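Common to both upcoming complexes is subunit A, partnered first by subunit B, then by subunit C.
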Partner chain A sequence: MPTSKTLYRWSGYLFMLPYLLAFAAFLVAPLLFGIGLSFYRWEMLSPVPPQWHGLGNYSEALTDTYFWKAVWATLRFVIMQVPLNIGLALLIALAVNEIPRGAQAFFRASFFFPTIVSISVAGILWRWFYSSEFGLFNAFLSPFGWKAPWITDPAWAMKSIVMMTLWWTVGGAFVILLAGLHQIPAHYYEAAAIDGANVFQRFINVTIPSLRPVLLFVVVMNIIGSFQVFGQTFMITRGGPEHSTRSLVQYIYDQAFGNYRMGYGAAMSWLLFVIIAVISFAQFRIMREER
Partner chain B sequence: MAIATRTQTRLAVALSALGSFVILVPVALMFVTAFKPDAEIIRFESLLPRVWTLDNFRDIFGNSQEIPIFRWLANSLFISMSVTALVLAVDSLAAYALARLDLPYGRHVFLVIVATLMVPGQVFLVPVYLMLNALGWLDTPLALIVPPIAGVFGVFLLRQFFLTIPRELEEAAAIDGCSRLRVFWEIILPLARPALCTLGIFVFIGSWNDFLGPLVFLDSVDNYTLPVGIALFQTSYYAEYGITIAASVICTLPVLIVFLLFQKHIIKGVMLSGLKE
Partner chain C sequence: MGLGGVGANVSARPPQNNNHAAAPRADGWRSIDAITGKAWFWFALVVILCAAPYAAYQAVQLSGGGNVTIRYWNGFTGPDGRTMLRLVRRFERENPGISVVMQRIDWATYYNKLFVAGIGDRAPDLFVLHADMTPRFQQAGFMKTMDHMFSPEWGMSLADFDDNVTRYQKVGGCYYGIPLDIHMFGLYYNKKLFREAGIVDKRGEARPPQTSGEFLDAARRLTKPPRWGFVFTWMRNVAYTMMLQWGGAFFENDGAKCVMNNPENVTAMSFCRDLIAKYKVAPSPENFDAWIGFRQGKVGMVLEGVWMLADLKKQTDLEYGGAPVPQFGPRQADFTSAHVLCMRKGLDGRKLDAVSRLVKFLSDNSLDWAEGGQVPARRSLRETPRFRAMEPQWQFSRQIPYVSFHPFTPMFGEYTSELDYMAERVLRGTATPEEALKTAQDKINEALERRRQMLERGGKL
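Coming up: the complex of A and B.
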């Protein structure tokens, strides 16, 4: 009977029921609620109940100096961090790829390990390294009469955050790129070598084109992740000095959970989503057209 | 590779060795510095402690009023293990249905689920906070255990894996009169053990290291997870590096053990995430 067959097919959703309940309650509902919230003046500490605010939160963000400072700080982080991270990861992957496969496991594990160290531990360590009086880096520099303002000078702080981030996350992109290199057939290189291509030419004409999809994936994921930078700056500089490292996510955190301005925080988180969406979309378009 | 000359290989080995040294030094320093007296940390003279001491650990364990580190450890273990168990159970059922059960509109449902991956986590933070507040779950483990069940990654990963299992196995079982639940339990799950293992490790480590969640959803010191606990007590023990570094060692050990045991699974999981499309 067709009806009992249809019923049987629908009954498969019973397997999905627990997940769908969670999905509806903690993904779909907050998504819709969050959009609504962003149009409300919703101050948890104020006695005034939440009220409709139209686009007020969005226009406030766009005219808020600190919002733009946070956007700029985040952009500086992304612009410095992403190329260095991917470049370094690729360099390490190329080097490790030349080593016999059996010995690669050790290097893979070493480079990957920091990525699973908790951000509070990583933050505590690097805060100590960077400390101007008791810090390890300045202890190494002091015999030469040097002392660097790693996290106390606004011109230095974000660079120090980037350096720490490279240590913490380079292993992720490296592992994926290495797997990508493994997939390039050896005879591509042999053919190029027979044609007289040198190391550099082989890299440009064989490695990069073959690695392209993996590279795109790694770059996009890294950009998306970098726009969401929070833990490092929260742990090491708390956004200082002079707001030079206060990222967008930290500003959202400060407004929503420091000042309990829920509507404003929600609106800014949607602006973050728009920035990320536009940039990742543009990237996919550019990479596709180049092909 | 066959084409690389011996000098190139030597250069590659040297570069890799140097790189992994630089990467591992901070972690190694953390472990040895935890055994240094405070005076030696503040006035740095040598990498290894001149005097090895357990004082830092004694200070932590002896001050359970201000630094209830065993509570934090217990909270973290309880939360991470609950999340892992729940996500594995819920996601494997859902992924099986999506991969195999010929659901009406199954493809559409799957696309909607995957589409939410594009939305960054911070977008959910404020509304989920208000929802947890309304439920009365703030400052309880429930705030960190229940919302992650909605995570999309596990459903996606397991569905992809289930699709690779040959259908013939299930068809034979169905002819023998097995129900779908029995097929799932007796045929699919045992075959999916490696995928479940990989997912379980990812979920565990992710939950253990989660920072923003506990920072926002928890309030009282006794309810903190280990990472947030040590991050926040660091602010009050600003210059006492000995204690904070020893606490960092305690926080890193569980993850280090999991990593050493399941290193292959973890790295294979990361590699697959980049290669499948």
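Coming up: the complex of A and C.
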């Protein structure tokens, strides 16, 4: 039986153990396994065992038209979603920040509420809303003679996904930005007002610089999350029409768990990792230099 | 309790005096040092007492006594799942000593989970596959042959199944699945809209179309935007049905080469596109949600699977009928699939006996299963008055002599996703049928070539 002294010494690790075990089993081990896997040609339904394929999976991805189509779809989503999401969240946060603190709780909860809805539920709902012939949105538009091809036209589909994502996720960024706004001392604004700064100047010269660390966090997390977009496109459009909303994560899923090409799926996952890592690193550098 | 308090206690060096260590802390919690030998004893005792029943259960199982538990997986998460559960419960009542743990998993993720469980040697004892998946799963090596079900001991007859339905279940001379049902496509039509449009028989009843001409005539008369004569729901299978009707080929050499870009398939896909662009009796395809339009009474006709009956049966304000798919092309043909019951490799002894008994029970009672919106796979059951009274199912079942499964190919995932893409491009008008079919053919052949290389390197060719 361990002595109390030994137990005491190890107690911290013991408390961490459940999480560490889960972390090692479900994150570190698959990550390492995935690296190895990406160098193998392993098709699970094939009667032959995995074969060493070197960089073959990577070179296949780089010449795969569907891979690049998925990269482009993901990029389009990121480019549209991130600025809109953060801009809208900031706008709402600024507006809510102007009302008395006691009343803010209601708005905080209201805007945050969609975030807690599961993507399966939200996805099915919005798919029905977007239905061109029989959906809710077009039912509202039809008295005016309009009918939008929300998710049936490749030119519209990704924009519709972005719109749904804004509804679903803007609350998360809004809550963080509102908390950031609360941290800005009121006397900064008072000093700026005394110096004659108008509302816009106060926003540019006080709010934005003071919010920078929070903004950096929100932007980086938003970009990483956006590159991993899957649930919305999977539930609403299944990647269609004509693969126009098939994100890279969905393509990886399709290859790995639809066609059981584990090696190829792992290689594309690592390519996605590299893309996200490069962009996040660049972002940190830019924000740090600005500071 | 503040976080600071916790941090301070954990990071401090342990006190040297045990009496001091055992003293209660100011925050009311007992220090870890206070866990005495007595406490460890009680803890160990509780663990042993909890584990004992499980150990006893395992011992009984190993010694061959006690209940047999069957793990049964399927993808029946809709109303069909409740029907299946009722059947399973009845089986348990009629077979004391056998219990069934049925797990229902959505089809979208079912195959992933089943596959991962299978290759990890944790496959359920009994599981359901779609008929065209059997060759792929058999190849993965975790399925047991079910030839014994056709032995005198179990009394099932191969002759009671249609040959075109059991063909897929035969791999290397052995049967790996027992078909439970056949679920084919058929024509659903809105009787009320038909009557309003004057598409009726001599008795004034709605008359479903049987030929291409009748279909187009009905669709034109039914189309009054926002009401449509027809909608595409599951594009892949509508396109496949059409291509079958024009006699188009898909593969050569036992699935080794894709040849789907041929004049017959081009004609079939052109006809599909014409329904939207030329005849204007169908809207540009959405996705599966166009089915909602039929349920809302805004669509006159739709080609869908018999399984959708379960969805319609819940609806009391829709007057619908079911009929065979009209003959659009030079020959009759229709897409079908089937649910088949499969066993995991390694089943033997009492477990095998229990699972076989369940398979026989489900097959014998597949008329109950059919009530929920299926067609029994067994011919003898389809010939009963009870099945004849199931109107839409019986109408759909008339197509059995000429139904076809998707063609066999080891690259089934690639094949279906390319078929989806091809149908979508043609129906939306973003590619001509020739272009879309060529792309699909090239992509599928790329996948087949990849597989050929892999097998060659693995010494399997």
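Here is the rule we go by: the second predicted complex is superposed on the first by the 267 of 291 C-alpha atoms of A that agree within 3 Å, B and C clash if a C-alpha of one lies under 4 Å from a C-alpha of the other, contacts with A are read in each partner's own complex, and residues count from 1 in each chain.
The rule is simple: a residue touches a chain if its C-beta (ideal position, glycine included) is under 8 Å from a C-beta of that chain, and two chains touch if they have at least 3 such contacts.
Since the structure is predicted, the reported quantities are computational estimates derived from the model, not experimental observations.
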Inset, instruction - Judging by the criteria at the top, classify the pair subunit B and subunit C on subunit A as clash or fit. - result: clash
Inset, instruction - Return first, second, both or neither, reflecting whether A:231 touches subunit B, subunit C, both chains, or no partner chain. - result: first
Inset, instruction - Using the touch criterion from the header, give the chain among subunit B and subunit C with more contacted residues in subunit A. - result: B
Inset, instruction - Check the residue A:214 against both partner chains and state whether it touches subunit B (first), subunit C (second), both, or neither. - result: first
Inset, instruction - Tell me which partner A:79 touches in the superposition: subunit B (first), subunit C (second), both or neither. - result: neither
Inset, instruction - Return first, second, both or neither, reflecting whether A:30 touches subunit B, subunit C, both chains, or no partner chain. - result: first
Legend entry - Which superposed partner A:273 touches (first subunit B, second subunit C, both, neither): first
Inset, instruction - Mind working out whether A:134 is in touch with subunit B, subunit C, both or neither, as first, second, both or neither? - result: both
Inset, instruction - Using the touch definition from the top, say if A:55 reaches subunit B (first), subunit C (second), both or neither. - result: neither
Inset, instruction - For A:286, decide between first (touching subunit B), second (touching subunit C), both and neither. - result: neither
Inset, instruction - May I ask you to decide whether A:167 touches subunit B, subunit C, both, or neither, giving the answer as first, second, both or neither? - result: first
Inset, instruction - Just name the clashing stretch of subunit C against subunit B, choosing from 73-81, 199-207, 253-261 or 451-459. - result: 73-81
Inset, instruction - Across the two complexes, find the residues of subunit A that touch subunit B and also touch subunit C. - result: 9, 12, 127-128, 134, 257
Legend entry - Parts of subunit C lying in touch with subunit A, wherever the complex brings them together: 10, 14, 18, 21, 32-33, 35, 37, 40, 112, 115, 119, 136-137, 139-141, 226, 228, 231, 283-287, 289-290, 292-293, 296, 298, 410-411, 413-414, 417, 421, 424-425, 428, 430, 447, 451, 454-455, 457-460
Inset, instruction - Using the touch definition up top, name the residues of subunit A that touch subunit B in the complex. - result: 6, 9-10, 12-13, 15-16, 18-20, 22-23, 25-31, 33-34, 37, 91-92, 94-99, 105-114, 116-121, 123-129, 134, 136, 139, 167, 170-172, 175-180, 183, 186, 189-190, 193, 199, 202, 214, 217-218, 224, 227-228, 230-231, 235, 249, 252-253, 256-257, 262, 265-266, 269-270, 272-273, 276-277, 280
Inset, instruction - Show which residues of subunit A lie in contact with subunit C when the two form their complex. - result: 1, 4-5, 7-9, 11-12, 41, 43-49, 51, 127-128, 131-135, 142, 149, 151-152, 154, 237-238, 240-243, 254, 257-260
Inset, instruction - Spell out the residues on subunit B that touch subunit A in their complex, using ranges where they run on. - result: 1-4, 8-9, 11-13, 15-16, 19-20, 22-24, 26-27, 29-30, 41-42, 44, 89-91, 93-94, 96-98, 101-104, 106, 109, 113, 116, 118-131, 146-147, 149-150, 152, 155, 180, 184, 205, 208-209, 211-212, 216, 226-228, 230-231, 234, 239, 241, 244-245, 247-248, 251-252, 255, 259, 263-264, 266-267, 270-271, 273-275
